[in-house]
Amino acid sequence: MTLPAATRKDGRAADQLRRIEFERGFTRYAEGSVLVSFGDTRVLCNATVEEGVPPFMKGEGRGWVTAEYAMLPRATHSRSPRESTRGKVGGRTHEIQRLIGRALRAVIDLEALGERTIKLDCDVIQADGGTRTASITGAYVALADAVRGLLAKGLIAASPIKEGVAAVSVGIVDGQPALDLNYDEDFRASVDMNFVVTASGRFVEVQGTAEEEPFSGEELDALRDLALSGCRELSALQRLALED
Amino acid sequence: MTLPAATRKDGRAADQLRRIEFERGFTRYAEGSVLVSFGDTRVLCNATVEEGVPPFMKGEGRGWVTAEYAMLPRATHSRSPRESTRGKVGGRTHEIQRLIGRALRAVIDLEALGERTIKLDCDVIQADGGTRTASITGAYVALADAVRGLLAKGLIAASPIKEGVAAVSVGIVDGQPALDLNYDEDFRASVDMNFVVTASGRFVEVQGTAEEEPFSGEELDALRDLALSGCRELSALQRLALED
Amino acid sequence: MTLPAATRKDGRAADQLRRIEFERGFTRYAEGSVLVSFGDTRVLCNATVEEGVPPFMKGEGRGWVTAEYAMLPRATHSRSPRESTRGKVGGRTHEIQRLIGRALRAVIDLEALGERTIKLDCDVIQADGGTRTASITGAYVALADAVRGLLAKGLIAASPIKEGVAAVSVGIVDGQPALDLNYDEDFRASVDMNFVVTASGRFVEVQGTAEEEPFSGEELDALRDLALSGCRELSALQRLALED
Amino acid sequence: MTLPAATRKDGRAADQLRRIEFERGFTRYAEGSVLVSFGDTRVLCNATVEEGVPPFMKGEGRGWVTAEYAMLPRATHSRSPRESTRGKVGGRTHEIQRLIGRALRAVIDLEALGERTIKLDCDVIQADGGTRTASITGAYVALADAVRGLLAKGLIAASPIKEGVAAVSVGIVDGQPALDLNYDEDFRASVDMNFVVTASGRFVEVQGTAEEEPFSGEELDALRDLALSGCRELSALQRLALED
Amino acid sequence: MTLPAATRKDGRAADQLRRIEFERGFTRYAEGSVLVSFGDTRVLCNATVEEGVPPFMKGEGRGWVTAEYAMLPRATHSRSPRESTRGKVGGRTHEIQRLIGRALRAVIDLEALGERTIKLDCDVIQADGGTRTASITGAYVALADAVRGLLAKGLIAASPIKEGVAAVSVGIVDGQPALDLNYDEDFRASVDMNFVVTASGRFVEVQGTAEEEPFSGEELDALRDLALSGCRELSALQRLALED
Amino acid sequence: MTLPAATRKDGRAADQLRRIEFERGFTRYAEGSVLVSFGDTRVLCNATVEEGVPPFMKGEGRGWVTAEYAMLPRATHSRSPRESTRGKVGGRTHEIQRLIGRALRAVIDLEALGERTIKLDCDVIQADGGTRTASITGAYVALADAVRGLLAKGLIAASPIKEGVAAVSVGIVDGQPALDLNYDEDFRASVDMNFVVTASGRFVEVQGTAEEEPFSGEELDALRDLALSGCRELSALQRLALED
């Protein structure tokens, strides 16, 4: 399947990411604080280091990495009610925060972390598609900053990070595979996939959903290739951001 | 990647399903009622037809298909507390019931269904791995029975079912790809994937998670092939069950 | 008050139980697992043994027996929403599960049980009246199986069961006393009572409600006699089931 | 079974009620407001008349009577947490408020009431046993006052009250049947029953629980007789209170 | 700003309190129990002494004083639903109970109290404006009674009460400052303030809200003076009540 | 009471505000979006305009202005759990969002607004004291932007804003009155007040709490004067920000 020349509404090529930015140190108190932008999607990723682990893990000498995800009420075109006001966390939120946690744990050596917990809070300030992939990609950078703090304080001797991790969405839009969908593309996509990929190009998570029409093996292959190339680029940008 | 000869604890070949059974008409009142077994995993799938659709869809002339999923407290080795007692539905439950609903909607022509809702209640009586894939596979049969009832009563003129749908889990267990994991295999798997596939062999959902080690493109391909062959077999068994 | 010849819609005599069945070992993991049927009413009663007691009883050397009750959403003619989804357990559920717990504790020597808890989960698969009496009657059999397991493992030296316990509903239907009401009779009954009676014919619980008209002492006596004879028969059937 | 001469700690005969008082008009705004005392048990029973009925009854031309029950946190010897703070209404509360509602509906002609709702709020100010029976007995008086208001305003032409209703507890204490148990007796009772009886001496509710030992038919008869005589006296006191 | 001659509907002068009453020992079990009346506003204030403090204060050698506030459903002209039924405590309730707690802690030496907690339950029996100020004023008297009990039992050597505290509402009604507003005045007030003042005339809390029109510094001064004089009178009445 | 020369830790004079900034248009979708900074306290204030009003106001021809307030989990030195996860909105949050709503409604002519609702979401990104006063001050600017949008679209003919409104905290720190407390000062303050003041210098809200010691009338006067001067300056800065 060959990719067509640019036909995307925002002028991007099929295999082109939106403008990616990482603003480290966005807030003062968190051990890692990154405002990540995937185009108009902006997520504040704060890493908190806490001594100790959840009760079910106590005494095993291993650490834990977990995540919470939320949208500010007016991150979207029309306002959505707060989950605190509705008194419960919705299914979509649960799904996303479990995904972020799994993605980050896949690249962390929990034993090397020691009995401490790193919590990643991903709060969506503005949503234009791909909030979960931006969250994972930004949270990795916040996590890396938190780990540097632990190393600087001598609390751990070596970094527990095995390699980097990034995530990107892909989909079939107007019959064509496309990388890093914005809200408008995501809405029109007949297939929507999210890939979480390590810096070494291996898969951590693969999630694909046929929104309208089931998809073929050939389409699956094309989307996978797009995602791999997108994640390679995101990994490079993460490294760059962490060098500043 | 060639599959090894049988080394699975329960004697199955790598590409062999557990014993699959569909007991239709398990309860009296539901419009479709199927007790599905994937080996020791048993799920009661009841389909309820209700006139009308959720408020946000009213007046659009389209129907809706949705699902709820739960485990009986003692479906598992040790008892787990009821979600009703804890006062909220957990993240894993949300994730699974959203998946079941999407899987079934992918093969239903909602306009042909008319402004009515079909609810699939999937209650796990006994859990030995693969409860979500058994739920989807059994719920399809219950849904088909409910649709037959609508046809028999003349409420709809033609079946809104576009084709069948089934689901199966695959994973890398002890370094080898394997089909339809039981609890013990699922627990030991380094990669765990669920595929939802239509009777015509196209993908509705692809979900893969690296539990320990990220996985390669070659492994992804091997798991996909196993899942396609497993779902082909499940589709045939569904057809057989519906012929009785 | 003499009982009339059979005028019940389903052909039963006034003092006749529905077909009673106990299917032991219905699921694999529970320490006791019984699918009990009172006609079309079917309840899965699972007994779970857990070491330890609730905090308020710790260190007193006594055990605890408790119960939870729920209906599957489509146990009834029309679907009822899950209590987990509504976020709270309703008043009727509370009332029934407290009743089941009290009924079973009445025949258990909690000191002989030791500091462990037996939980009875009664999940109604299909409801046609009398779900609470079927639950008590089936739960006793599951409890007896769980106690046998404790004895077999040598965890207790002697059975803490003092005697058997069973329960049955009675009511005034179409002006006549009747035993073991099905849903249709229960709906039409002007008086509705539930009796929990030990194998030795003594009362554990007596609950009667005038649905329409208050009832006289004579009617109360007639209903009591019916219930005593029904429970005598149920006790015999429980013994038989436990001999298999 | 003959009743023994007074051996009760508070000097009462076995068939003697505690001091009963009804203070009508205890608060200003409720359509009926009665502070009822059964000895040291004091319950404020407020009746509220609201036009309209719950949605499931609309358009049927019938009214509704319902009740809510609560204890002030320090009604008891040691403080119990508020149900509002715990975020849910407990099982015992549900059970009691359903009982109060059923008891009052049994003596009301709902059609004669018209499409309006009378809510009885029973708030326990001080608890010394028998709060549910005091609630029913006091709520009837508040209800009667609310009905008088409706008649006075010409909203209904005739009283929908068919007859009075009262309730009392009985039990086997120290091996002897006793009427109207206080907290200390209730705590020590081996059998505990509540009877709701109309002014004409017919039964609305019978609830008996063996706390320790199952009880015999002879004991049941003795308790029933005690309750009938106690309720006869309570009915007379209600009439007197309503004449003031 | 001079106060006008009596123009208030109920005949009071601008600086005149309603009839104030304290009925000590209103219930039997609480360590302090006061039914306070500010005219038709009646609040039952019960003090409970519990050994121990909340977890976050353990081991610091200091005590804690806290409050809960609620209205009976029919304390008001029309019935309001219970917060227990709605499953959560509303914002207004939270605000008031936090205020009561702070007010009382301001006059208590928490170290002298030792590691024990005094809880003040303020339950509004009848509401005619000023329920929060009546609650504080009555709760102080209940607290004083509870402290006397601790002294009498020798659990503390000296009273931890530094001085008395009382509270009153003031407002601009019909353009004129007025003291101790009833519901009707409160409803019409353009400015509504609550002052919590110690027996020595110092401020613990000042809360003012412009309901309609923002208010000037001159108005603020006039309201403050009214409140100071009202609280002086309330302090004297508290002392009197505690002398009985 | 004369103010001392600069002794504040951060070098500010007693009557000096922190650095105040308004970043308008911080997000794209909200009708008004302002990131306000009071030193290190940063709050994102988003205004949403929705047609219609809450049910209890329908058909009265008046609009509504309301607010919600929340802190991101890591806005503070140590992470605080999300209110959505805890399943309820805490007392402090309720108190603050009610305050913000009242403050803004005081300067809005609700009739001129028409039957529409403006919701102000105040989400604290970083907290260093004074989050509620920063929220009110920033929310006013977001509200003004939203009103401009309504005017620009011709949905309203004239601005419903009667005048500006701002808020500031004051307190007695180390025995000295001080303006606009940061977290460290707030923590040490013996008295803590918040004033909400209109652009014309009149009071909308006055809230003062003695944290340790009750305070005198003289201190109250000194704090009021500081607050008036601080709010005058804030009003000028709001006007400037809105001119850009």
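In order of appearance the chains are A, B, C, D, E and F, and numbering begins at 1 in each one.
We adopt the following convention: a contact is a pair of C-beta atoms (placed from the backbone, for glycine too) under 8 Å apart; a residue touches a chain by one contact, two chains touch by 3 or more.
Given the structure is predicted, the values throughout are model-derived calculations rather than measurements.
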(request) In contact with chain A and with chain E at once: which chains are those? Just list them. (result) F
(request) Find out how few touching-chain steps suffice to connect chain D with chain E. (result) 1
(message) Quick check for the class: compute each chain's Cα centroid; which one is farthest from the centroid of chain E?
(response) B
(request) With residue numbering as the guide, point to the option in A-B, C-D or B-C that repeats D-E in over half of the contact pairs. (result) B-C
(message) Just the number, please: Cα centre separation of chain A and chain C in whole Å.
(response) 52
(message) Distance between chain B and chain E based on Cα centroids, please, to the nearest Å.
(response) 60
(request) Enumerate the residues of chain D that touch no fewer than two other chains. (result) 87-89
(request) Follow the ring of contacts from chain D, passing to chain E on the first step, and record the chains in turn. (result) D, E, F, A, B, C
(message) Show me the residue ranges of chain C that touch chain B in the complex, using the header's touch definition.
(response) 27-30, 33, 40, 44, 46, 48, 50, 68, 70, 72-77, 79, 82-85, 87-89, 93, 119, 121, 123, 125-126
(request) Can you check the complex and tell me which residues of chain A touch chain B? (result) 88-92, 94-95, 97-98, 102, 106, 193, 197-198, 200, 202-210, 213-217, 220, 224, 228
